Structures are given as C-alpha cells and as structure tokens.
Amino acid sequence: MQEKIQSLRARIDTLNLKILELVSERASVAAEIGALQSSMGSSQYDPVREQTMLDALVAANRGPFDAATVKSLFKQIFQASMQQSQKQEKRAYLTSRATHGTDTVVTVRGVPIGSKHSPVLVAGPCAIESEEQVEAVAAQVASRGVKLFRGGAYKPRTDPYSFQGLGEEGLRIGREACDRHDLAFVSEIMTPSDLPLFEEYVDLLQVGARNMQNFHLLRTVGRSGKPVLLKRGLSATIEEWLMAAEYLLNEGNPNVILCERGIRTFEQYTRNTLDVSAVALAKLESHLPVLVDVTHSGGRRDLLVALTKAGLAVGADGIMVEVHPNPAIALSDTKQQIDFPAFDRYLDDTGYHAKLSEKRVELYGF
Amino acid sequence: MQEKIQSLRARIDTLNLKILELVSERASVAAEIGALQSSMGSSQYDPVREQTMLDALVAANRGPFDAATVKSLFKQIFQASMQQSQKQEKRAYLTSRATHGTDTVVTVRGVPIGSKHSPVLVAGPCAIESEEQVEAVAAQVASRGVKLFRGGAYKPRTDPYSFQGLGEEGLRIGREACDRHDLAFVSEIMTPSDLPLFEEYVDLLQVGARNMQNFHLLRTVGRSGKPVLLKRGLSATIEEWLMAAEYLLNEGNPNVILCERGIRTFEQYTRNTLDVSAVALAKLESHLPVLVDVTHSGGRRDLLVALTKAGLAVGADGIMVEVHPNPAIALSDTKQQIDFPAFDRYLDDTGYHAKLSEKRVELYGF
Amino acid sequence: MQEKIQSLRARIDTLNLKILELVSERASVAAEIGALQSSMGSSQYDPVREQTMLDALVAANRGPFDAATVKSLFKQIFQASMQQSQKQEKRAYLTSRATHGTDTVVTVRGVPIGSKHSPVLVAGPCAIESEEQVEAVAAQVASRGVKLFRGGAYKPRTDPYSFQGLGEEGLRIGREACDRHDLAFVSEIMTPSDLPLFEEYVDLLQVGARNMQNFHLLRTVGRSGKPVLLKRGLSATIEEWLMAAEYLLNEGNPNVILCERGIRTFEQYTRNTLDVSAVALAKLESHLPVLVDVTHSGGRRDLLVALTKAGLAVGADGIMVEVHPNPAIALSDTKQQIDFPAFDRYLDDTGYHAKLSEKRVELYGF
Amino acid sequence: MQEKIQSLRARIDTLNLKILELVSERASVAAEIGALQSSMGSSQYDPVREQTMLDALVAANRGPFDAATVKSLFKQIFQASMQQSQKQEKRAYLTSRATHGTDTVVTVRGVPIGSKHSPVLVAGPCAIESEEQVEAVAAQVASRGVKLFRGGAYKPRTDPYSFQGLGEEGLRIGREACDRHDLAFVSEIMTPSDLPLFEEYVDLLQVGARNMQNFHLLRTVGRSGKPVLLKRGLSATIEEWLMAAEYLLNEGNPNVILCERGIRTFEQYTRNTLDVSAVALAKLESHLPVLVDVTHSGGRRDLLVALTKAGLAVGADGIMVEVHPNPAIALSDTKQQIDFPAFDRYLDDTGYHAKLSEKRVELYGF
C-alpha cells in the first residue's frame, strides 16, 4: 500500500509543478493587463470582470471541489496575481518598511526622533490651565534635560460640561513658555479649521486617539509642513493605525511619529492596556518612529516607571508623560499626572538619562 | 454573647442616625454655597478647597480608619453633596430620561421616529456610486413602503486608496432620487466645514461611529436645524455615547436619534457584536429614539433577519439596512449588502410591515 | 489598447480553466491518498511531506511570484484538497448542521427542548441555600407553569472565601423539591469525580462558563447518559463553543443544549454583553438547541425582559432566569436575582406564556 | 458674597470633623461586633442586618438627599467599617503583598525563582511528541544554561480531533530526559485525578489558562507539596488571577508562581495581547514570582525578543518560550515555536545570559 501511495505522490508532484507554471504565466499576463490599465488611469480591481471569471469557472467545474471551494481558491489566485502586479507596478504603502528601507527620522525643532537616536522624553501637563502652571512645568522639565513639552489647549472631553481647554490663549501661553525654555511645543489639534492657528504656535501637531480616523483632519494635517504625532485609537487595530498614517504620508507629509497609548480591554485595574506588541510591530512593519504615552496607557502613577521600561525595551523612540505642579487640583487627569518630586524619582528609576545616550540595538531578526 | 452584640448594634443604629443628620445638614450648606457660586458664574467644583478639607480631616483622624479610607469616604460625601446641589440647582443631563420625562419624537421629512410610532426602516446602499444605482435602489425601497433612504457620498475608509465617495455630486444624486420617490435622505457628514452642503441636500445628518467623539463635528451639527443620527463608536461605552448626544443637545439641537451598530469584541464570526443591552439601556436612561444598524452590527447577510428581530424586540425605534442592486460589484461592503430579491425576503421574514402597525408595548418596569 | 486588454483577458480565461482542471485532478489524487492513509489508520495531514512539496515548488519557481506567495498559494491548494478529501472520507463535525440535517430535540424529564417546541423557561435561585428557600422558589415557579428548576449546589466563586454551595446536601434538597413539584432539576457540575453524585440527583448537567474548556469534565459528562447544558465561556468564540460541544457529542452524548450567557467586553453598564448573533449563529451552524441565560448576560434586573425578548426573537429555544425569595439577602448574585412579584411581572412583560404556545417560524433563509 | 461663602465653609469644616468623629466611633463599634462574630465562627457580612439599617435610615431621611443617595452613602460607610474591621481581625488575602511583606522565592529542583534571583528561562516544546524530539530539545537547551524544561503530555486542545498529547508516556519521556540533563520538568496538569501521576513525574505543576478557574483543580494542586505555575486566563482580570492563586495558598501550598500569557482582545496581528501592566501589578499587589510566556502572548516568532525584553523590563522573574527541533512539522503551535538556531539568536538578542547575572533593581516607588 505504501508503494501505491508513493506513486500517487509522484503524480501530485508533477501536478504541483504544472499548476505553478500556469499560475505564474497567469500572473505575468495579469501584470501586463495591470500595466495597461494603469497607463489608462483606471483601477486594476474590476469586480465585474472577477465575477464573470468566477461564474465561468463554477460552470466548468466537474468536481471534486464544490463551487464554494473553487471560488475561494480562485479568489486567492486572483488576489496573488493582482498583488504581484501592483507590487511590480507602483503603489506599495508609503508607511511600509518594505517600501522605505531605512528608518525615518523626524526632526522637531532640531530634536531628531527615531532610528538610532536616543529615545526622547515628551513631558508636560495634560491641559494648559494658566500662565503660572505652564511656566512652572516648562522650567522644571527643561532643567531636567527634556526637549519636548506637551500641553493641551483644546481638550477632547467625554462630558461637554468638563473643562474644554483655554483654546488659542492656551496655545499662546504654551508657545511663549516653550520659547523661554527652548522647548519644542506639542499640542493636540482637534479640527481641520484650526490648522493655521496650530501652524503659528506649535512645533508638533498631535492627532489624538479619538480622532485617529477623523479622515478630514488627517488629510488636512497631512498637507501641513509641520510634523505630526499620531496616537493609536482606543480600539484601533495596528493595521488601522498604519492606514491612518498612510493618509498623512499620502498627502505629502513624511514627518509622522506614531504613538501607542493603550487599548481598551476588559481589564479594570488599568485605564487602558499598554500593547507593547503593537510598538514592536509598528516598528517592524513601518519605518516611522514610535512613542509610548505611559500616562494614558495605564492611567496609574504606580505604573509609569514599569511601562516606560517596557516601552523602551521593545524599541520605542521615546516616551510621553504628564507632569503637573499639583495633580490633585488639575482640571483633568488628576489621578495620573505626577508632580515635580515624583518626576525626579521617575527620571532616576527609569534610568532615563542613561537611556538617552545608550547605543540602540536592533530588536528584530528572527 | 448575642446580648453583647445586640447592645453594640443598638449603638450602631444611633450612630447611623446621627451621621445621617450631619451629612444632610452638610448637604444643605453645600447647596447654599453652590447656589451662591452659580450666581457668581463660577464652577461648584473647587479642587483646592477639596484638598484643604481632606488634609484637615486626615490631620484630625485618630483611627481606626487609615488616611486613605478617610479620604475615600469623604470624597464620597463631597460628591453626594455636590451632585445633590447640582440636581437642585439646574443642570441634569439634557439626554437623561430623568430630566425629560416623555419620549422624544424626531420628525424627519414628515416621518415621526420614536415613542409609540411604528419602527421605521432606513434602507439604501452603503455608498452612492452612480445615478443609475441610486435610482434603482430608491425606486425599489420606496415601492416597498420605505420612507427613509440612506446613501453615503463621503465615505470614511480605513485605506486612503479605497473609494472615498462621490462627494457633492453624490449628495446631488441622492437628493434628486429622494425627491422623485418622496424619501427622506440620510447621509453621513464627516467634517464641520461640509455642513452648509449637507443642510442643502440632506434631511437627516448621520454622524458615523468613527466620528462619535469628533467633538467639533458634534458641536457644529448641534447648531444645525437638521435632525442628527448619532452612531455609537466602535468601542464607545453607553455612557460615552450618551455624552456625545449631550454635546448635540447642549448646542441646541433637540432632534437627535441614537444608532447602535455593534461593538468591537474578540469574536471573529461576526464583524462586530450587536449590543442589544445598549439599545435597551439607551432607551431606559435617555428619552431619545434609538435605531439599530443591522448591516454593520453583524457584517453578515445571514444575520440580518435575526438582528432585526432582536433590535425590535428590545424596543428599537427603527432599523437601518443596506440594499444594493448587485452587492458583488459594490464599491464597498460587498459582503453585507443585500440585493432586491433578498430585500423582499427580508421584509417577509422580519414581518417588517406587520411590525410597522403593531402597537408598541413598554419593555421596562422592574 | 482595449483590444490588447481583451486579448490578454482571453488568455487569462484559458489559463483559469487549465488551472481548474489541474487542481481538480490534484484533489482527486489527494483523495485517493487520503483514503489509503485512513484505511491504514494514519492522519492525512503530514507536515513533512507538505514541507518537501513546498521546497520543490520554491526551487522550481521562476517568478513573477516571490517564494512567499508561491508557498501561500500552494498552502491554500493543499488545504482545499485535504478538506475535500476529509469531506468525502468521513468525519464532519458532529455538531454541524451540515452533518445532521434536522434540529436536535433534547428531552429533559419529559420536557422537549429545541426545534419547533415552545421555548422553555428554566428558573430558580443562583445557589441552593436552604430547604425553605428551595421549597419556596420551587413551589412558586411550578405554580406559574415552569417545568425546569435551576439551583447551584457547587458554586464556582472567584473568591475562595465566598459561599461555595451546600454540596451534596444541596443536591438532595434540590432533588426533593423538584420531585414534590414535578420539576426537572438543573445543576452545575464542576469536576469529573462528582459525576456519580450528579447522575443520582440531577436531570440536566450544567457545565458552567468557566469550565467550558475543562476538557476532562467535557469528556466525562459526554460519557454520561444525562443531557448536558453547555454554557459559553466568558470570552469563548462561537467556534470554540461549538468545539466544546463536539467533545460531548464525540464521547457519545447526543443530548447537548447550548447556553449563551453574555461575553466579556469593555462595557461597564452591564456585567456581560449578551451576544444575540451567537445565538443565531449557533442555531445556523449547529443542530443543537440554544438557551439564553438572561440573568448573567446583563447582570441587571432592569434588562431581564428586554434580553428575554431579544433571545426569543433570534430563535432561542428557551431562557434561564434567576429567582430568589429575597434577593437582598441571597448568598450570591444579590443584584441580579428577582423576587416573586418581579417574577410575575417578568412573565407578564415578556408574554412568556403566550410565547410558549406560539408556533415557531424559521429565522434564516438568506 | 464671598464672606457669606466663607462663613458657610466654616460650618462645613465643623460638620466634616463631627462626621469623622461619628464614623470613626461607628467603625470601632463595628470592629467589636466583628470580633465577637469571628469568635463565634460566623461571617461578618450580614445582608439582612444591613437591609434593616438602610431601611431605618431611609425612613428617617428628611432630605436633601434622596433615598438612593442615602443608601449609597451608607453602603460606603458600612463597607469601610467592615473592611477596617476585617483588616484588624484576621484574614487579609494570603497572596497580598500587604500581608506578606517580602517577596516569595519558589525553589524548583534547586532553582530559586523570584525576588532578587536572576530571571529564569523555561524552554521546551509545546507538546512532547517522541523520545527523540524531547531528547534533542532537552540536550540543546541544557547546553545553553537553561535549568527548566517545559513540555506538555496532556494538551488542552480546542478541537477534540487534534493531537491530545501522549499522556503518561509523555510524562515518563519528559522525566527521563530531564534527569539525563539535570533539568526541572514543568508540565500541565488538566484534571484533579491526575495529581498522583504528576507528583511522580513532574517538578513544577502547570495550571493552564483555560483551567485558571477550574476551582477543584486549584484546590487539588493547592494540597500538593509540588510548586505550581498558574497561568492567567485568556480574559481573566488581574483580580481574578490573584484570587485563583489565593485558592492555592489557602489550601496550604505557598509555592505559587504566576504566569502572564497574553489576554484576548480585538487585535488580529497577534494571537493575544501581552499585558505588561498585569506583570507589574501582580508584583506590586502580591509577593509571588511572575513569569511571562512570550510564545503564547504574541503567537509570533518575530515578537519573541521584544516581548522578552518587555517582560524583563517590567520586573518578570522569568520567561517561558517554546523550542522545537523542527517547528514546521510540530503537532501543535507550528507558527510560534522556534528551532535551535533561532533559539541561539534569541539568547543573543535578548541578552538573556547577561540578564541572568544582572543585579535586579526595584521598579516601584511612586
């Protein structure tokens, strides 16, 4: 019986090679068609044509496959052909590492972020509340070597009656403090029409988690000359996050930094669940720098050091953390911002300064 | 020993009543302060004052509670006082059933939605693709008694290279077809600056799941005279969804319809998980009408009937379903739109017409 | 240029048919091999053989596909062949509707559950606490026409210091009360060694959500002559749930009832999220009866009526609900059990008795 | 008006202190009652008594609070009292760091795990498939300095027709190979009745994710003299995980090691989502050692190094990783096991050996 099996297997081997020959030929023809269609400006994907081919195949099918299997198999073959053709032709995703071999370095007010550069630290209050508060934080973090200051002037708040930010006045306060202390200013933009204002005041435009798929906002900041920090949505898949970045790059803005900030899960001890795999995969699949927002990821002060270490360990290009002169009376995020003594302990416990000068090693290689 | 316990319990009973007396007195005083502050235009919540009180209490504490318990207990007492005071004062949430006793009825181009009115059916293609396609669907659904037509002219797409909708041309096509067949036109608005366009063409402004917390968009459509259909975000809690509606009502627009469309979970057999509890709770906690989008909830044609029945069973005020002349060649949602014969079967199997005339019964009462 | 495309498309059409011919031939040969292997008692899936074939194909590949695409395409072809062969050969899943065309009806102490039979109601306390409590509930629910009584004697509790149930004493109490009131007794079995005890006392063996993948327990109750109620795990996919049922059927027990009880999601207003799609899909993909546990699904009394209606609307074959003489002092689930007056209102509001005699209609048909 | 507010605030301050006095007195009385009840062997929590007190308070309430607020406030006060009393009395959770100040070190066949000891590496195949396979892996990992060998003889498989493990034969094979190479043997126990077998063959009893709330199994291995590795359930909260460990400690087994292995979320790029916060919090809240299973967390070979670094960065006491001579033909987990050359690269890239001798630093301190 083993002999019988051997001879049947030899037939399989021959059939495999013949099938390979035919599907390869098919792919070459499909690529020719694709090139012609591109030159005519039309899309390669033609669902009517595909339906016609599938109908013909099902009609010709004499078994042993059932109709559904035939359709599914040929869908695979069509897709492989089309992807091959598209790869040869032109567009691979602009965010893809396959397209853009080297790590992108985004420079924000002279500070390089990404690739072999030391991981940056972005620090500042959740919201800009007053001239005094901002001056205090900016002076403090600058004195510790921080180069990027965060502070929200327009706040996305679940409750319409919560503090919504100081608006343009907040941007002005932030800008002036940053200028006094030679800090880059990072602040969240919430709607397309605010772009001129942000371009005047801000160095790095933050697109928040709730706006990750606000596609008009993405297109607008994608047309800006300013670099963009794109936070991952609360329940966005890694694929959706990279696609949101693709909107930015596709509009011509190459200066995009990704930022993981925890995802929404069933766990209740933490506000969100930091997804370190997403950081590693974003760096594996794209060439963009990736930061980790350790404040929102956990929503707990006692996790900031651990999450910072985890983020840097998987290759993050920097960390974002909220610092406030007196978190207990902050107008937002009172439970997760840290005060100045805690910030100093944080810098010690994370070994952040040491990290800054550390030579980066490659994480991936399997 | 039981006697000893009885006498200790009597002491507890006395203490309970004394504590009640004091916290009630405290609440009355707090309400007085609140009223004064309101009249001066300042917020009742004063974190610095709260911190000072907590510090004083911790300093005075002689046990047996530890400091954390004292703080936590008094935080509860402060909050209860403040909520009581706010309740007495003015603002309870505008969306809350407690505030607005009767069901809201939203009238869209003459069709009443909500309360005891028969559940409506909103039908139409995912995207407006051409004059012919829209005419075909509008004629078909109108001939079956449908009064509201859906069709996207601006499509929120994960991939920037996917079909993004026909834009204003799409709105015009939709409007004209709706006029020909006496249908209300429902279409998704994606960004604030498009409002004038939508006010010209559309009867019911849809805010999509990805924009549920696009707060500028909410404020903008909240200032429009047009009714709004607010979809629940992919991973929005019921509370966040109601708060998003609060943004709309707070801007002056009372004509808000909620729409559950499935939430993101771990399950893979369905695209999203229809949360029928959310429909029931939205109706229990708010006075707004609630629809169910059965197409996106499951992402499967073979679930449309079951999900429609479930939605209506929990009290939904209507259903939204996608219909396309030839789903296999649609530019989006090819796997979940239904064709005309399937739409007829759907109307039969759901008993939709029967439902339309059925007297609605109250679901809640425990 | 269109002509050029037409002629290339004609070549594609020819290639498609040739490929179909070859993959069909390949499938037939593979089926022959599969039959031989089955007769020799060995598994059809041979990963070493598969690897060898893939290596040969990659070696023979001259483009345009890259090696990864060739491997992936042929993996699909291998799988389609193997699945086809397995389908022809023998085993399709025992739970599958495809295998077992008609609905299974499980009869518990004379009560038929499933198919066109009226939806049953399983009612009783969360836990058996005392002779008096059980007698009170059993008498009450029996007087209202209920035929199945639930009550836990062994309770799966998160906290080891919580009430763990009365054990065998509880089973005895439950059995006697059920005998007095002519009720079938449903109780949860937590470990294989308890089976003899349960076979003595209980009519329907419940496998709880936390034990849905306790495979030894599944195999043990699968060898019992008693019917089994299999709850869906807190985060089990529908596929995993059906596979757990497959363990039971594969051991020879055909009397399996599935029970959806809500899944774990991010939502906080409810304890779990009732997944009505899972009920519909379980009935679509399997032939087994499906119940809905409305108490655990929502974890809220004010949702019981709505969730019952939703469950029955999607085709559930029955509902499970917790009833307790005085929920406020229950030893478990104090917030979600209902008392006797509430149970009467529940029966009225759900129209449960009316439902019982209603002719069932088919839900599925697209 | 500010003066008026100041004088009202002074009244509030006085009331605060009086309330504190009364609730403290109440807590002391409650503690006395609690002590008496404990000495009589009855539970402190008496829901009927609590209901009576709440009824009395609601009856006595003259406003401004509504009944619901009064109940809720006093529920808080009752709970604080009871928790205080319980704290004074006796049982705090055995797993709690508050109870057991120092880190627990679990010694497995002479290898200390936890506290300041170097993080261990547990390596081996998913399943024990044959004498040759096990000998190859054991020899290889032992030669690299690994001291703990993993390999499943009883496999929890979703599909009843998948390879279920070699059973006792597998345990024997594993034991003999471990003896030859001086390795500790870690293997998963799936059901209580297998304990004698496991006690004969195995050094560290693994309780798998699917059995984390198989309470009979927990109680049984909790009575064993062998140390236990407790994996976190697929959707278990951190609290539930610690409670499962509490079952083990409560039965008398102090040698418990926790193991995070990723949780189930919506993300599709990874099989599970590694929750590094859970590792940090498990160490913060309990005194038990914590490992990270990097193979199941991501389900991808290309993430093993990153997840190992993240796990160690947040303070894990060791890592578990799957190694197989030829993963492509493994009987399970073919996509995530690594072969020998990849294992060597893994040791290099993680700097695992260097880590072994590194002095551990405290992570927590805010």
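We call the chains A, B, C and D, going by the order they appear; numbering starts again at 1 in every chain.
The working rule: contacts are C-beta pairs under 8 Å (C-beta built on N, C-alpha and C of every residue); 3 or more make two chains touch, one makes a residue touch a chain.
Note that the coordinates shown come from a computational prediction; the quantities given were computed from them, not determined experimentally.
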Farthest-lying chain, centroid of Cα atoms versus that of subunit D: B
A-B compared against A-C, more contacting pairs: A-C
Subunit A-subunit D separation of Cα centroids, rounded to whole Å: 31
Approximate Å spacing (C-alpha centroids) for the pair subunit A, subunit B: 29
Chain centre separation (subunit A, subunit C; CA means) in Å: 38
Junction residues of subunit B, two or more chains touched: 235, 239, 264-266
Residues of subunit B touching subunit C in the complex: 235, 237-239, 263, 265-270, 273-281, 284, 297-298, 301-307, 309-310, 312-315, 338, 342, 345-346, 349, 362-366
Of all residues in subunit A, those that touch subunit B in their complex: 47-48, 51, 91, 156-161, 190-193, 210-211, 213-217, 234-235, 239-240, 243, 246-247, 250, 264, 328-331, 334
List of subunit D residues in touch with subunit B within their complex: 1, 4-5, 8-9, 11-13, 15-20, 22-33, 36-37, 39-40, 49, 53, 56-57, 60-66, 69-70, 72-74, 76-77, 80, 83-84, 88, 235, 264-266
